[in-house]
């Protein structure tokens, strides 16, 4: 680690996640009192001119178009990977072998094989830590859900529902990288459902033991090709040229049924074609003694049902999870109660927790490492197999 | 009282309230176990043909176009008045003098003088009971609010808000009786705000001691005259003829500030021009230890905030007030939990409570009699005076 | 049909559904102008004393403890079956053979074989009509959803979600008939999920072509036996004796994935153990041009998303489906806008539509007959097979 | 202006608003493409040690405990005042006289006299601009409300409601500066209601012409004194010593009725004792053709009612105002749709608009200058006078 309570960060990627992570490193030390301070040392991306502009804008000290050099640079303490999924494996392993801590965007990898190699590399590493950016764990309402379950307030869990509903991928959207299987690994499954699986594991504290049935569907089978580009971002308006089209090779929608280690049954659905739902990352967990509900579209709010209190006043309680005085997670760093934080704060909170972990302190809630994220990856693989073979798949079969 | 646990009811009025009350008498004994059974003895209304059709449809045994004969009929136990406000006084006093119990639609009267006479007549009566149809008291969510306050769960009350927001009275609506001051007494004030005042008094258990400021406004000053008619109902489409217009002589909107006997400050508003709000009968009461919120547009739900529990899980709890097992008011008579009841059930629940009162049992919640409704009428008078004289009005000034 | 625009109804069953149907026949002709009037001719139930009390309370002219005699009575026009599922077949066929119209509670039968026989009997009948009480079709918000889809406002449908979530069946609830497979046929599946399947078919106008995977679970495997009783109702408090228990032989929860004839993918879930959800009959349908969402816990409201309007003001619109002036289904019979109706009105509206159908008029929305309800029954059978054999089941396989 | 498209900012104040403004200057140039870049030149505050720590944490180049020197420094382009209200006047006038642009926290001043002097100073200034931090104007949902009204979508406005409801000021909260009249000027009125008045003026585009009645109340008349301190922030836990108390000299709650220049009637309420409401900054505006509703507790959402569309689908539409593709205000700078922003982004958006204004570009929505904020101040003064004299106050009387 760099001298005296600083860690030098190298970030690879300057698109959507590049911005989200840069903002996280910029802000975490200003709002949190942390045992180590993240230094925005180097940003790496393919395009030289673009990466330099990005570095200037965000305050990265150095810019590079050669990620291999960057991860090999002894000055770097933490390599942060914020690029499409098919590149995670190579970068992460190189960084680990070079002795760096590694933070990687989710899902862990494009394939289960890649993910397994990454876990192996992490195990071989000598003392470095790994992190995966399942950012929603640090959305305070979801963190509180995790805490309530952990305190035993739900009792035996019967039902889990994990939906991640978006609607941006109508027939007019061109063939972004997110629709290209060789780049993205999968579509709605890895992009969205991975978040739901991680969130369900995080909140319940249980593992999925079986994918009991699955459906994956590509509704829009052909999309317009974007001229001279490997594609942009969700909100990007990469213009398509003429009428040239090519196949979308990922799933627009993924649905599956599952069982959890504690006996609960579960329903999951991820889709980019749920008209009207913009970022509907919803999770519902129902136990014998209580239940929680969350929808990211109202991210400040956790809905909590306490089945143990006086029956006449039982109901769904909408908790605005932003009250430092009430001990709400992360609230002490931010604004007064109900002076709400937003999407980006999940990343900032995670950057803070990464700094805590690297500084020997406890994060507010468990940080997923490669091993942990690999469990989610196994479920993704089981879903693909279940959808393909049209049968239940036990997680025991997925090594 | 009619022999052996029956009471013969005579209802005057066959329009909106005529239907609501007929339905109430029809259903109450089927859903509730009551000490007396209401017999639908006689319906009275102006138009002979219409009242006979109405009697047939609703199962009234007799029909009459002479209300004076009806109230004088010794067979009648309870006279129920469901006609426009300017006729309440004469009918109620005649019925009381004839020895009948009287149930009267709200507001008690068109003027404070009329109301005072009615109270006097009720006091003179020998043992008869009076009732006023402030039906929302028996909407279970509002009844529960009353109960929670009574149990001391709110502590000292700081704030009361009573809004009744509708939007049906745009410039195209013709000159119904509800826009005629000589028939209706007032517009939004008596029609809607009276409900809010009663609800606030009912829930808080306190009285309004001062109207601190008031505004009454007629936005639509001229309306089309309806051909050959004294007007219809809210939902009626009484067609206007040609372009003949006449002045609307009632308030479209009424707003006032107030103080309660326990020290709370309050804000009231009633309007027929709150575009988008259809039947937004809302009340909010905030105390030192808790708070309740209600909006009739989601009538099954009471929102309850308990400021005394573990801070981390404090929030607004949405109680679906329909759970017999939880002791929710009136729920034992109706359907399983969350198999919701509707607007009409406030009337049915009140008919049941009237039967209980007449049979010597306790109603589920206090039934307003003339004296009680007169307190609301005094507030209405204070609002009119405050709006007119543009100054605060102490309720002590309103006798 | 009885002379002169009346139909004599015989109702079998005096429990939960007995009340709901009695109330429907009582009220429909008072609120609707109908081509035929239902006469409450005979109520039949097992217990002589109980059925007589019931008849008196509800105004049934005759009471009987012999349903066979009742259906054979030539005075009867319509036999209405409101008893547990395992008795539907015998009663319906007897009634059809006797020449009666038949209205039957849902699901159509306890088994697919029974259902098939009932359809055959209906086909053989000479001109009689059959009806099945999928009452939620006549909840105005759901009727409007049906109408919007029919008008083409959703375009190609991508996603359907049908959840029916209740929580009344915790471990302390005794072995009611609803937990006895030989009486109920199934648990959450026939009781709740049948409603969701019918609603999805009704709203989309499409058929389910495949059950892609299914899970059925009995979480509470043993329940206390109720002393001297075949069980009560949901809200019943049939006391259990001592500690004697017996196995629950029905599913507490049922989940399945499906495909629709138009290509949509779907997720269904029904459960009695979704803590906090009281009567969460939810349906979501997402199409290329718009979407609808419904939750019975806010039954007055349909949520509607129009993806074709000016993007800046797109969002979920909460329609209070109660506006007669706006042409909302059934609203002209009821109260002013947002003077909400309730659960029971689905039955009343259906009774009115049955009278219309019997009087030669069009119902407001399609009434399910035995043939229609049989399609839902086939899906139920496919779910059972899919859950048992742990594989997808094409509806082609289910005859 | 500092050379080449940079402006040097000096911020006075390092508490709640010091953080909010620092964060705004830090982030605005990273997310927006701006014609001028704000340079975080100097932070000034009373306590030398504290201000230096603050400067280091937030990246201010210089720190000072002498605000007079700072505003006199020729290197400074913009002086930003983020201290309690009673200091605004002196600082703002000094800064204007020194030739600086000035941004000042709201409300403009502690008294109307002070505010008037500030406006005069701004008028005398040679070309400098002034800004007031009514940050909620730049909450995108509220900005959209402003735009919809401006486009004529509401038509004639009938009703305005402006509530700002918090609950943090119970009897246990000690005597912070916010309860000291000589420091704060007022309590809920200047702190909260000022926001509502500004928001109502901003959204409607109209001015308040009369305060028709007002009530101001101090429920908690004595509070514990904080040892050795002038008080902290809302979320501060400045410990009270022993049992020493002193009077609270500000209003806990303020309510008033008003009229707008276009004829609308209005109701305003601000309070710190609305148990259950954490930051309920709500505004409702109802016009002849449509209506808008906003509650900051769900800050991403604007509720919009369009009374001109097909009646069957009219309802409140919940717009998630975060869609760059739909042209939502400020969305192009931030995250994908429904990847929500928070409270702090109002400040960041305003910092961006200030840079635009200083760079000769148009802000996304009108920025309040001293003259504009003075109109809000006049209303505050009218409320105080109305509450004191217990009579309506025409704004014509308030110069």
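Think of it as A, B, C and D in the order they're written, each chain with its own count starting at 1.
Here is the rule we use: a contact is a pair of C-beta atoms (placed from the backbone, for glycine too) under 8 Å apart; a residue touches a chain by one contact, two chains touch by 3 or more.
Worth saying up front: this structure is predicted, and the values here are computed from it rather than measured.
Counting hops only between chains that touch, chain A reaches chain C in a minimum of 1. Chain centres here are C-alpha means, and the one lying farthest from chain B is A. Remark: chain A and chain B have CA centroids separated by 54 Å (rounded to whole angstrom). Inter-chain centre distance (chain B to chain D, centres taken as mean C-alpha positions): 41 Å. Between chain B and chain C the centroid-to-centroid distance comes to 35 Å (mean Cα coordinates, whole Å). Residue numbers of chain A whose C-beta contacts span two or more other chains: 316, 320, 323, 325. Residues 16, 20, 22-23, 26-27, 29-30, 57-59, 168, 233-235, 237, 278-280, 296-300, 320, 322-325, 335-345 of chain C are the ones touching chain B in the complex.
On the side of chain A, the complex with chain B involves touching residues 144, 148, 301, 304, 306, 311-320, 323, 325-328.
Chain D meets chain B in the complex at residues 154, 158-159, 161, 167, 170-171, 212-215, 217, 219, 252-253, 255-257, 259, 263, 265, 267, 269, 271, 273-277, 284, 286-291, 293, 305, 307, 316, 386, 390-392.
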